[in-house]
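Shared between the two complexes below is chain A, which pairs with chain B and chain C, respectively.
Coming up: the complex of A and B.
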C-alpha cells in the first residue's frame, strides 16, 4: 500500500517525459521537418477536436461497436462456456475448434463481413464478437472445470443439484478465469472496433483515422491516436476496478 | 436401540487402465442410533472410499448400505458432512452466514427460521456474531467450526466426518474434539468419523471399526467402554484408554 500515493504522480511523470521526448524529437531531433507533428500542435489539435460534436460522435460509435460486440460476446460465451465446461466430452471435443477460431485474426474476415454487412456499425460489432467470443468461451469453460471437486462433493452431500452447483460453486470459481478473459477481451474489443473502421470502413474513430491519413492531416491523425490511447487506458482501468470489487475473495 | 446405518457386505472395485483395483472386500458393520463410530486403518486402506459410499457419492460394486432400513442411492436428506479441508469445502465468496444458509435452501424454512438456525448453530460452535465474516478472515480452527455449524444447521440425524481435525493445530484439535462430544450430547446425532489418529478415535467413539488388508476387510469392531462424559485430562490418562489405544494401534499396524 505504501506505493499507492506515488502511483498517479509516477504515471504523470512518465507521460510528461514521453511528451517532452516527442516534442524534442520533432523540433530539433531526427523527426524534425518530417510528417510527424510536434506534441504541442497535436495537443492543440486534440483540444480543438474536443469541442467538435463529430469527435464525440466518432468516439461514441467506436465505443458502441466495442461495447455491443463485447456484450453480445459475453452473452454467448459465458453460457456456452459453462455448458462446455460441465461436460468432459464437450470440453475435449470443442477445444480444437474453439482454439482454431481463437487464433484467426478478425482482420482476415473483414472482406466477408463487408460483403454481408457493408461498412456499417453492425459490421464492427460482428468483428468484435468474432474476435473475442471464442477465447472468452474457452476461458469460461476452463474456469468451470477448475471448481474444486471437494467443494462440489460437499454440495452433493448436502443434496444440492446441478443448478445450485453451477450458481454457487462453479460460476464463482470460474469468475477469476472469466475476469482475465474479460480484461483481454475489452482491450481486444477496442482494438477491433478501430480496425473495423480503419480497414473495413465502419464508422467511428478508425474511419476518421483513415480519412485524416489519406488527406494528409497529420496532426489530426496523431490526435486521434491520443484519444484512442486515453480511451483504452480508461476502459482497462474501469475493468480492473470492477474486478477488484466483484472478485474480492482472491485478493487475500 | 434402532440401527441407524447398516453396511452389508460392501465391496468396491475401481477399473483402471492397468486393471481392477479391489479396495473394499465384503465390509459389514452396523451403527446404533446416536452412536459415535470411528473408522480407522492404515493409510490408503480405503477409509475415504468407504466414506464416499456412506455419503452416497459413489455406489458399491457389491453389497448395500442402508440408512434406517432404506438402501441409499444418493446422498441421504438428513446427512451432514464435515471434511478435513475446510478451505476447500467452504465457499470463499460467501459470508459465514450464507455458507451455512446454502444447504438450508433444500428445506422449507421461513426466513426467520433460517436465521434462527444459523444463529443457534454458530452459538453451538462458539462463533456468536461471526455471520458477516468471510471464511478466509477466520483461523483454521474457526473455519472448521463454521463447517460444523453448517452441518448442525441442517439438523442432521447422521453426521459424517472425514479427518475433521487433521488440518488444525494440537490445541485447537482438543477443543474441536470436545466440541464434537458436546454436539453429540446436545443433539444425539449418529456420527461416523474417518480418522488416522487412534487416540482421537478412542477418545471420541462408542465403537471403532478397524479396517485392515488389501483389499480392506473389517479386522475388528472395538467397543470403547469408557464412560461419558470424557475429558481430555482424565480420559487420556485412564488405564483403559491406554489399553484400547494399544490394542487398536496393534491391529492397524498389523501387529495383532
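Coming up: the complex of A and C.
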C-alpha cells in the first residue's frame, strides 16, 4: 500500500466524478427526461428519508432478519461442521447432500416459504439460515479436517481425549476457515434479508424498494438502492475490522 | 476406515443420505392432506407433465437465454475491465471506491432500477443479469492481474516479450485460477438475478411460472417449478466445475506435483 495517504482523496474524487456524471446524464445527457431521477433529487430524497422513522424501522427489520438468521445458522453449522469433520465416514456421507443445498440459492425456495410463513420476519430469518448454514458447515468441516495429523497423534499419545483434541488442535486449525465462512455468511445474510423483502414480501428495505418501484416513486427507489449500498459497505467493513481484532493470529 | 479409500465405496457412502432423504420425503408426504405439502409422487407426476416437455419452450428457453446472454455479456465486460484496471494500479485507485460501493448493493436490488430503465421486457432481464454477473468477475480479474509474480514479469522482460505476449503468455495464465473462481460466483449470481427478474417482472420464465402458480394457488405447479429451479441451479454448478477443471488441468496438475 504505497499510495496510502492518497487513498481518501482518490476515493472522494471518484465519488464526486461519478455523481457528476450521473447528474449530467440525467439533466442534459441521454437520460434526461427519462424515469431515471437526477443525482441531486435522489440525494435530497435520501436526506429526507434519514429523518423518517419508517426508514430506520425498515433498516432495523432488515438487519434483524440477517442477524437472527446468521446467529441461528452459526449455532447449527459450527457444531455440525465439527462433528462431520471428525469422522471421515460422516464427511463423505453428507458431502453430496450439503453440496447440493449449498449451491441452491434461497430465492428458489421463496415460493414455498411464502406458503409456510407468509410475508413475515420469520420467513426472512428462515431464508437467511437456509442460505448460509450448509456452506458454513462444510467450511467448518474442511477446517477441522485440516488439523495437523502429527499434532493429533501426539496428543493421542499423551492420552488427551477427543474433547481436548478438538479444543486445542482442531478448532484452532479450523478458525481461519470458519473466519472466511463467517465473512461470506454475513454479506450473504444481508443480501438474502433484502431479497426476502423484495421477492418474498418480508418486511424491511427490500419490501420498501418493491413498493417504491411499483408505485412509480423513482427517486425513492434510487434512494433505497443507495441506502442498501451504504449498508452493505458498512457491514462488510465492520466484519473485516472485527475479524482483524478477534482472529489476530492469522495473517491477512 | 481404510475401506473409504475405494472409489466405489466412497460413492456408495456419498449417496445413502440423499436416497434416504428422498425416500423419507416420499413416504412422509404419501398420504399428506396438507395443501402446502402435496405428496411427492403427485409432484413427480406433475413435474413430468409440465417439464417433459410441455412448458419447456415457453418458460425454460427464455430463462436460459436471458441467463446466458446476460452472463456472457457480464463476464466479458468483467474480464476486460478487470484486466485493464488490474494491470494499471494507478488508474484503478480512482475506480475502486465506486466499484466497491456498487458491488455492495445486493444484486437483486438492482432489478427494480433496471425495470425503470427498460420496462419489463427481455432487455431489462439481460441487462440486470449482465451487470450483476460483471462484478465478481471484475473483482477477481483485478485481483488476479495484480497478483502477478514480479519475477515472472521481469523474466518476461528479459526475454523481450511483446506486451501482447506478456498479456497472453504470462499475465492471463497466471491470473486464470482466480478469474475462474470469480466466473463461478458470477454464474451463481446471474442465476439468482434471472429468477428475480422473472418474479418481479411478470411474464415468461420458470421464476414467473412459479410465482403465478403460487398466486393462483396451483401449489403442485409451484412445487414443480421449485424442484426444476433447484435441479437447474445444481446442474449449472456441476457443469461449471467440469469446464473449470478441464480448462485449468495444467494448473491442477502443477499443484499436485508441488504437494
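As a working rule, the second predicted complex is superposed on the first by the 240 of 252 C-alpha atoms of A that agree within 3 Å, B and C clash if a C-alpha of one lies under 4 Å from a C-alpha of the other, contacts with A are read in each partner's own complex, and residues count from 1 in each chain.
Operating definition for what follows: contacts are C-beta pairs under 8 Å (C-beta built on N, C-alpha and C of every residue); 3 or more make two chains touch, one makes a residue touch a chain.
Everything quoted here is computed from the prediction, not taken from an experiment.
Novice: Just from the overlay, do chain B and chain C fit on chain A, or is there a clash?
Specialist: fit
Novice: With the two structures laid over each other on chain A, which partner does A:148 touch: chain B (first), chain C (second), both, or neither?
Specialist: first
Novice: Quick one: is A:14 in contact with chain B, with chain C, with both, or with neither? Answer first, second, both or neither.
Specialist: A:14: touches chain C, not chain B.
Novice: With the two structures laid over each other on chain A, which partner does A:109 touch: chain B (first), chain C (second), both, or neither?
Specialist: Once the two structures are laid over each other on A, A:109 reaches chain C alone.
Novice: Just checking: does A:210 make contact with chain B only, chain C only, both, or neither of them? Give me first, second, both or neither.
Specialist: second
Novice: Which holds for A:156: it touches chain B only (first), chain C only (second), both, or neither?
Specialist: first
Novice: Chain A residues in contact: does chain B have more, or chain C?
Specialist: C
Novice: In the superposed arrangement, does A:239 touch chain B (first), chain C (second), both or neither?
Specialist: neither
Novice: For A:25, using the defined touch cut-off, is the partner it touches chain B, chain C, both, or neither? Pick first, second, both or neither.
Specialist: neither
Novice: Once chain A of both complexes is superposed, is A:169 in touch with chain B (first), chain C (second), both, or neither?
Specialist: Only chain B; A:169 stays clear of chain C.
Novice: Rounded to the nearest angstrom, what is the minimum C-alpha distance from chain B to chain C in the superposition?
Specialist: In the combined three-chain model, chain B comes within 8 Å of chain C at the C-alpha level.
Novice: Quick check on the complex: what are the chain B residues that touch chain A?
Specialist: Where chain B meets chain A, its residues are 55-57, 74-75, 77, 79-81, 83, 85, 88-89, 91-94, 102-103, 105-106, 134, 136, 154, 160.
Novice: Across the complex, what residues on chain A touch chain B?
Specialist: Those in contact with chain B are residues 148, 150-151, 153-160, 164, 168-169, 172, 175, 247-250, 252.
Novice: Would you tell me which residues of chain C are touching chain A in their complex?
Specialist: Answer in residue numbers: 1, 4, 10, 13-18, 21, 36, 93-98, 100-102, 104-113, 115-117, 188, 191-192, 195-196, 199-200, 207, 210-211, 213-214, 219, 222-223, 225-226, 229-230, 233-234, 237.
Novice: Can you list the chain A residues touching chain C in their complex?
Specialist: Against chain C, the touching part of chain A is residues 3, 6-7, 10-11, 13-15, 17-18, 34-36, 88-89, 92-97, 100, 103-105, 107-112, 114-116, 190-191, 194-195, 198-199, 206, 209-210, 212-213, 218, 221-222, 224-225, 228-233, 236.
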